[in-house]
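Here subunit A shows up in two complexes: once beside subunit B, once beside subunit C.
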Partner chain A sequence: MPAVFVVIVVLAAYFLAYRFYSRYLAQKVYMLDKSFETPAHEFEDGVDYVPTNKHVLFGHHFTSVAGAAPIVGPAIAVFWGWLPALLWVTLGTIFAAGVHDMGSLVVSVRNKGQNIGTLTSNVINPRARTLFLIIIFFLLTLVNAVFAVVMAILFEANPGAVIPATLIIPIAIIIGQFAYRGRGPILIPAIIAVAVLYASIPIGQAFPIQVDGLANALGTDTRVVWIVIIFAYTWFASRLPVWLLLQPRDYINSFQLFIALAVIFLGIAVGFDRIVAPAVNTDIPAGSPSVFPFLFITIACGAISGFHSLVASGTSSKQLENEEDARYVGYMGAVGEGSLALGSLLACTAGIGAFAAWSESYADFGTASDGAVGNFTQGVGSFASNLGIPEAMGVIFAAVVVITFAGTTMDTGIRLQRYIIQEIGEIVNVRPLTRNITLTTTVGVLIPMGLALYPGGGGEPGSFAFGSLWRLFGTTNQLTAGLALTVVAVWVFTRNRNPLAQIVPLTFLLAMTTYALFLQLGQFFNEGEWLLLVVDAIIFILAVWLIIEAIAAFNRARGVRGRAGRGASPE
Partner chain B sequence: MSGRMTHRIILVREWDSQTAASGCCGRLGGENTELGDPNTYRHNREEMEKMGAVYRALREDLFDEEVEITVVDPRNVVWLIPSVLRDARKRGLTIRDIFRQINRGVSYNAVILDGKVLFSGHVPTPDDAVSAVRSELEAMEPVGA
Partner chain C sequence: MSPGLRDLYNRINELNEEFLVSKWRSGLQKEANRQQDALMAMLFLEALGVPNPTSYYALSLYPEFVESFHQWHRRMGMETFPEAGFCC
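After this line comes the complex of A and B, so read on.
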C-alpha cells in the first residue's frame, strides 16, 4: 500500500477527532467556558501571565513537546508489523494523548496555572507528589541513558554524521555570542547556521570519523567508546551557561524540526513509496516480547506522553488567552506529536526499501531495537531522494536531526538530574551533594551512563540492553501520563461530569504498563539481568503505588461528588 | 488616532526554559516548573521582567485603543515570520523593507508595530516604547481622519 494513503487516512482521522471528539471533550467533559477568566488575564503581568494568541502558544507548546522520542518508539514498534503500531499511534493520539494534554491544560488553567506536581498534591494528596517526583527521577535517568545509546548507534552507523553533528557546537556558540552579546538580529545567522550545517554533510561523508581503532586499542566495543564520549560531552555541556550552547542551538533545532517534517511528508507525497513491511508480523521469533502489552510501552511519546502534562501545566496554562483555546493548543499539540510518530513509522516501513531489507532489519527484537534509529534515517534518506536530495545525504541529514535533538534532551536532562540529586542531598543531609556541582554533575552522568553501558561492555554485537532500556523508559513515561490522567479524571469526576474519556485510557495504560513491568521482572530474572531487574522492580512498585493512589483518589472523590450537586459551578 | 483600525504589537523575547525539540525535557527548568534550578534561566528572567514592564506600560497607555499585544519567543519562527510579513504587507512596505523588518524582528528582543520594527536587539524603557508606538500610530493615521 502506498504510504501516502496511510498519511491521508490518519490525517483525516486526526481531523475528524479534532472536529468532533475534542469538541465533545470541550463541551461536555471539560466544559470550556469562553467567559472564564484565565490565569493569563487574572494575573496578567506581561512576564509569566500573558494572554497569548492560540497560534503563538501552539508554536511554543509543540516545539517544546516534539523531539527524538516519538521517532524512536515507532521505529522499534514496527517489529510487530505496521498495523498495530499505526493503530496505537492513531488511536492513542485521539483517545489518550489528546484527552491527557488538553485535560492537563484545562485543570491547570482552572487552578491558577499550577503545575502538574502541585496539582497532584492538591487533587490527589501530598504523598502522590512524592510519587510524581520519584517517577520523574527514574524517567530522567532512563531518558539520558536511552538517548546516549541512540546517539552512539547513529555515530557508529553513520561516521559521516560526526563532523556535522560536532560542527553544530561551535556554530551554536557563535550564534549565541552574536545574539546574546552582540544583540544582533538572529534570523540570518540562524539560516546561515542551518545552511552551513547541511553543507558540512558532504564534508562529513568525505571524512567519516570512526572510533573503531580506539575501541580495539581499549579492547572494547565501538558503541561503548561513543557512549563514554557522549557522556563526557554532556558533562561539560551541562556545566555551561544555557545561553552559550543550549539556547542558541535551539534556533537551529526549531528550523530542523520543521525541515525534517517537510522532508518526510513531502517525500512520501511525491515518491508514492509503498509499505513493504507486513501489516502484522507473523514471523516473530520465539521468546520475543509480545505485542500485548509491550507495544504500548514501546511507543509512549507519539501515542501518549506524560511529559506533555509538564509542558501544558506550569507555562502554557499561564498564557492561555481564552479557555476554549485549550482545545486547539492541547489537543492539536498531541496531534502534532502523533504526526511525527507517523512519519517515523512510515520511514521504517515504506522508506526502508524492499521487504527483504525490512525482514533483515526486523529479524528479532534486539536487532529491531538496535537498528531502529538507523532504519528511520535510512527511510528519511529514501524520502529525501524523492525530492532530488541524494539518499546518502538524506540519511546523514536525518541522523544529524536525531543527534541534535537527543543532544538537547540530554543536556537538559543532566541539568535536571543534577538539581534533583542536590535536592536528595538536602533531604538526606549530605552536604557535598548539595554544594559541589562537579560532584552532582558526575553522579548525574554516571548513573545513566551505567545503565547505557549495561550489560554490553565489549560483549557480542546485539548484547546491549537498548530494547529493554527503551521499554523501561516507556513505562516511566506512561506512569507519568497515568498520574496526570488520574488528576484530570478526579477533577472531572468531582464536578459531576462523565470521566469515562479519562478512565478508559487511564485503565488501559496502567494495565498495560503494570503487565509489561511484571513480565519483564520474570524475563530479567531468567536472563540474570540484575540491574535491570532492580530498576524494573522499583518502577513496578511505583506503578502499584500509583494504582492504589488512583483508586483511593476516586473513592474520596465519590464523597465530594455526593456533596456537590449535579450541574454545580466548575470551581 | 485610528480607533477603528486594529493594530498589532509584537514583543519578541525569549521565554525562560523554552527548549525546542528537547522532547521529554522541554520546559522543565525556570521559575514556573517544579523541577530544575530556577537560576539556570536567570538571564531570561531579567529580560522577561524588563519586557513585562514594557508590556504593562503599553497596555495601560493603549487601554482604549484597538491594539493587540502579543509576546512571542524568537524561536517561534513559524508564527513570527509570517505574522511580520503579513502585517508589513498590509502596511504597504516594499519587499526590501519587509525583508529588513523580518530580519530585525527575529531578534533576541524586539518591539514590532504592524510589521515595522521599532526596537531590535534590546528592551526599550517603558516610556521609550510607549512614545515610539504613539508616534508610529499617529504617523499611520490616515489624513483627515
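After this line comes the complex of A and C, so read on.
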C-alpha cells in the first residue's frame, strides 16, 4: 500500500478528532471558559506567569514534547507489523494523549498553574507526591540511559554525523550570544545557523570520526567508549548556564523538528513509496515479547506520554493567555507528536526498501530494538532522496536530528534529575545530596550510565539491554501518564461531569503497563538479568501502589460528589 | 520591501523572539538572579556587618544598585533591612 494513503487517512482522523472530540472535551468535560482569569493574568510577573500568544505557546509546547522518543518507539514497534503500531499511535493520540495533555493543562490552569507533582498531592493525597517523585526519578534515569545508547548507536553507525552533531555546540553558543547581546532580530541568523549545520554534513561525510582505535587500546567496545563520552559531555553541559548552550540549541532543534517533518511527509508524497512491511507480522520468533501488552509500553511518546503532563503543568499552564487556548495548545500538541510518530513508523516500513531488507532488520526483537534508529535514519534518507537530496546525506541529516534531540533531552534530564535527587535527599535527610551540586550531578550521571553500559545477555555491551531498557522506560512514562490521568479524572469526577474520557485510557494504560511489568519479571528472572529484574520489580510495586491510590482517590471523590449532589460544582 | 511585507516580517520576528524566550524565561531569570545575588553580596556584605575587603573598591558602583538593593534583601528572606535609614 502506498504510504501516502496512510498519511492521508491518519491526518484526516487527527483533523476530525481535533474538530469534534476535542470540542466535546472543551465544552462538556473540561468546560473551558473564555472569561476565566488564567494564572498568566492573575499572577503575571514577567518571569513564570506571562500571557503568551497561542501560536507561540503551541510551538513551545509541541517542540518540548516532541523529541527522540516518538521516533524510537514506533521504529521498534513495527516489529509486530505496521498495523498494530499505526492503530495505537492513531487511537492513542486521539483518545489518550489528547485527553491527557489537554486535561493536565486545564487542571493546572484551574489550580493556579501548579505542576503535576503538587496537583498529585492536592487532588489525590500527600503520599502520592512521594510516589510521583520516585516514578519521575526512574523515568529520568531510564530516559538518560536509553538516549545515551541511541546516540552511541548512531555515532557508531554514522561516523559522518559526528562533525555536524558536534558543530551544533559552537553554533548554538554563537546564536545565544547574538540573542543576548541584542544584535537585532534572531530569525535570519538562526536560519543561517541551521543552513551552516546542514552544510557541514558533506564535511562530516568526508572526515568520518570513529573511536575504534581508542576502544581497541582500552580493550573495550566502541559503543562503551561512545556512551562514556556522551555522559562525560552531559555532565559538563548540564553544569553550564541555561542561556549558554541548552536554550539556543533547543531553539535550533525546533527548526530541525519542522524540517524533519517536512522532509518525511513531502518525501512520502513525492516518492509514493509503498509500505513493504507486513500489516501484522506473523513470523515472530518464539520467546519474543507479545504485541499485547508490550506494544503499549514500547510506544509511549507518540501515543500517550506522561512527560507531556510535566510540560503542560510546568510551563505551558503558566503562559496560557485564554483558557480556551488549552484545546489548541494541549490537544494539538499531542496530535503534532502523533504525526512525528507516524513519520517514524512509515520511515521504518516504507522508506526501508524491499521486504527482504525489512525482514532482516526486524528478524527478532533484539535486532529490531538495536537497529530501530538506524532504520529510521535509513528511511528518512530514502524519503530525502525522493526530494533530490543524496540518500547518504539524508541519512546523516536524520542521524543529526535524532542525536541533537537526544542530547538536549539528556542535558535537561540531568538538570531535572538533580532537583529530584535534592528533593529525595531532603526526604531521607542526607545533607550532601541537598547542597552539593557536583555530587548530585555525578550521581545523576552515574546511575543511568551504569544502566546504559549494562551488557545484558547479547554479548555486545549495551546491545541486548537496550530493548529491555526501552520497555522499562516506556513503563515509567506510562505510569507518569497514569498518575496525571488519575488527577484529571478525579478533578472531572468531583465536578459532576462525565469522567469516562479519562477513565477508559487510564484503566487500559494501567492494565497494560502492570501486565507488561509482571511478564517482564518472569522474563528477567529466567534470563538471570538481575539488575533489570530489580528495576522492573520496583516499577511493578510503583504501578500497584498507583492503582491503589487511584481507586482510593475515586472512592473519596465519590463521597465529595455525593455530598455536593448532582449538578452542583465545587467551583 | 513594501510596507505590508515589512509589517509581516516584523510580526514574524516578534513572534520568533517570543518563541525563543517563552520556554526558558523562568530558568533564565533565575540564573540572572543568582548572578545578581552574588554581585549584591560582594557589594553590600559590609552593610550586613560582614567584613568585606572588596567593598572599598566597589564603592563607585553603589548608586547603580541602590534601587535593586531592596529587592535583593527581600529575596534573601529579610523583609525589612535592620539598619535604620539605610533602605526601608
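Following the convention adopted for this analysis, the second predicted complex is superposed on the first by the 541 of 571 C-alpha atoms of A that agree within 3 Å, B and C clash if a C-alpha of one lies under 4 Å from a C-alpha of the other, contacts with A are read in each partner's own complex, and residues count from 1 in each chain.
The criterion applied here is as follows: a contact is a pair of C-beta atoms (placed from the backbone, for glycine too) under 8 Å apart; a residue touches a chain by one contact, two chains touch by 3 or more.
In this text, all values refer to a predicted model and were calculated from it rather than measured experimentally.
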Q | Clash or fit, subunit B versus subunit C on superposed subunit A | A | clash
Q. Which partner does A:Y251 reach: the first (subunit B), the second (subunit C), both, or neither?
A. both
Q.
Once chain A of both complexes is superposed, is A:G204 in touch with subunit B (first), subunit C (second), both, or neither?
A. neither
Q | Partner chain(s) touched by A:V50 [first = subunit B, second = subunit C, both, neither] | A | both
Q) Is A:A68 contacted by the first partner subunit B, the second partner subunit C, both or neither? A) first
(Q) Contacts for A:G271 in the overlay, against subunit B (first) and subunit C (second): which applies, first, second, both or neither? (A) neither
Q.
Quick check for you: in the superposed arrangement, does A:P505 touch first (subunit B), second (subunit C), both or neither?
A. neither
Q. Counting only touches as set out at the top, which of subunit B and subunit C does A:G160 meet: first, second, both, neither?
A. neither
Q: Name the contact category of A:G333: first (subunit B only), second (subunit C only), both, or neither.
A: neither
Q: Counting touched residues of subunit A, say whether subunit B or subunit C comes out ahead.
A: B
**Q.** Contacts of A:T315 with subunit B and subunit C, given as first, second, both or neither
**A.** both
(Q) Residues of subunit A that sit at the subunit B interface in one complex and at the subunit C interface in the other, please. (A) 47-48, 50, 52-53, 55-56, 59-60, 63-64, 179, 185-187, 190, 241-243, 246-247, 250-251, 254, 315
Q | Parts of subunit C lying in touch with subunit A, wherever the complex brings them together | A | 12-13, 15-20, 22-29, 31
Q) Which residues of subunit B touch subunit A in the complex? A) 11, 14-15, 17-37, 40-41, 43, 48-49, 51-56, 59, 68, 70-79, 81, 102-109, 120-122
Q.
Which stretch or stretches of subunit A touch subunit B in the complex?
A. 44-48, 50, 52-53, 55-56, 59-60, 63-70, 113, 115-118, 133, 136, 139-140, 143, 179-180, 182-188, 190, 241-243, 246-247, 250-251, 253-258, 301, 305, 307, 310-311, 314-315, 318, 404-405, 408-409, 412-413, 415-416, 418-420, 477
Q: State the interface residues of subunit A toward subunit C in the complex, per the touch definition above.
A: 47-48, 50, 52-53, 55-57, 59-60, 63-64, 179, 185-187, 190, 241-243, 246-247, 250-251, 254, 315, 319
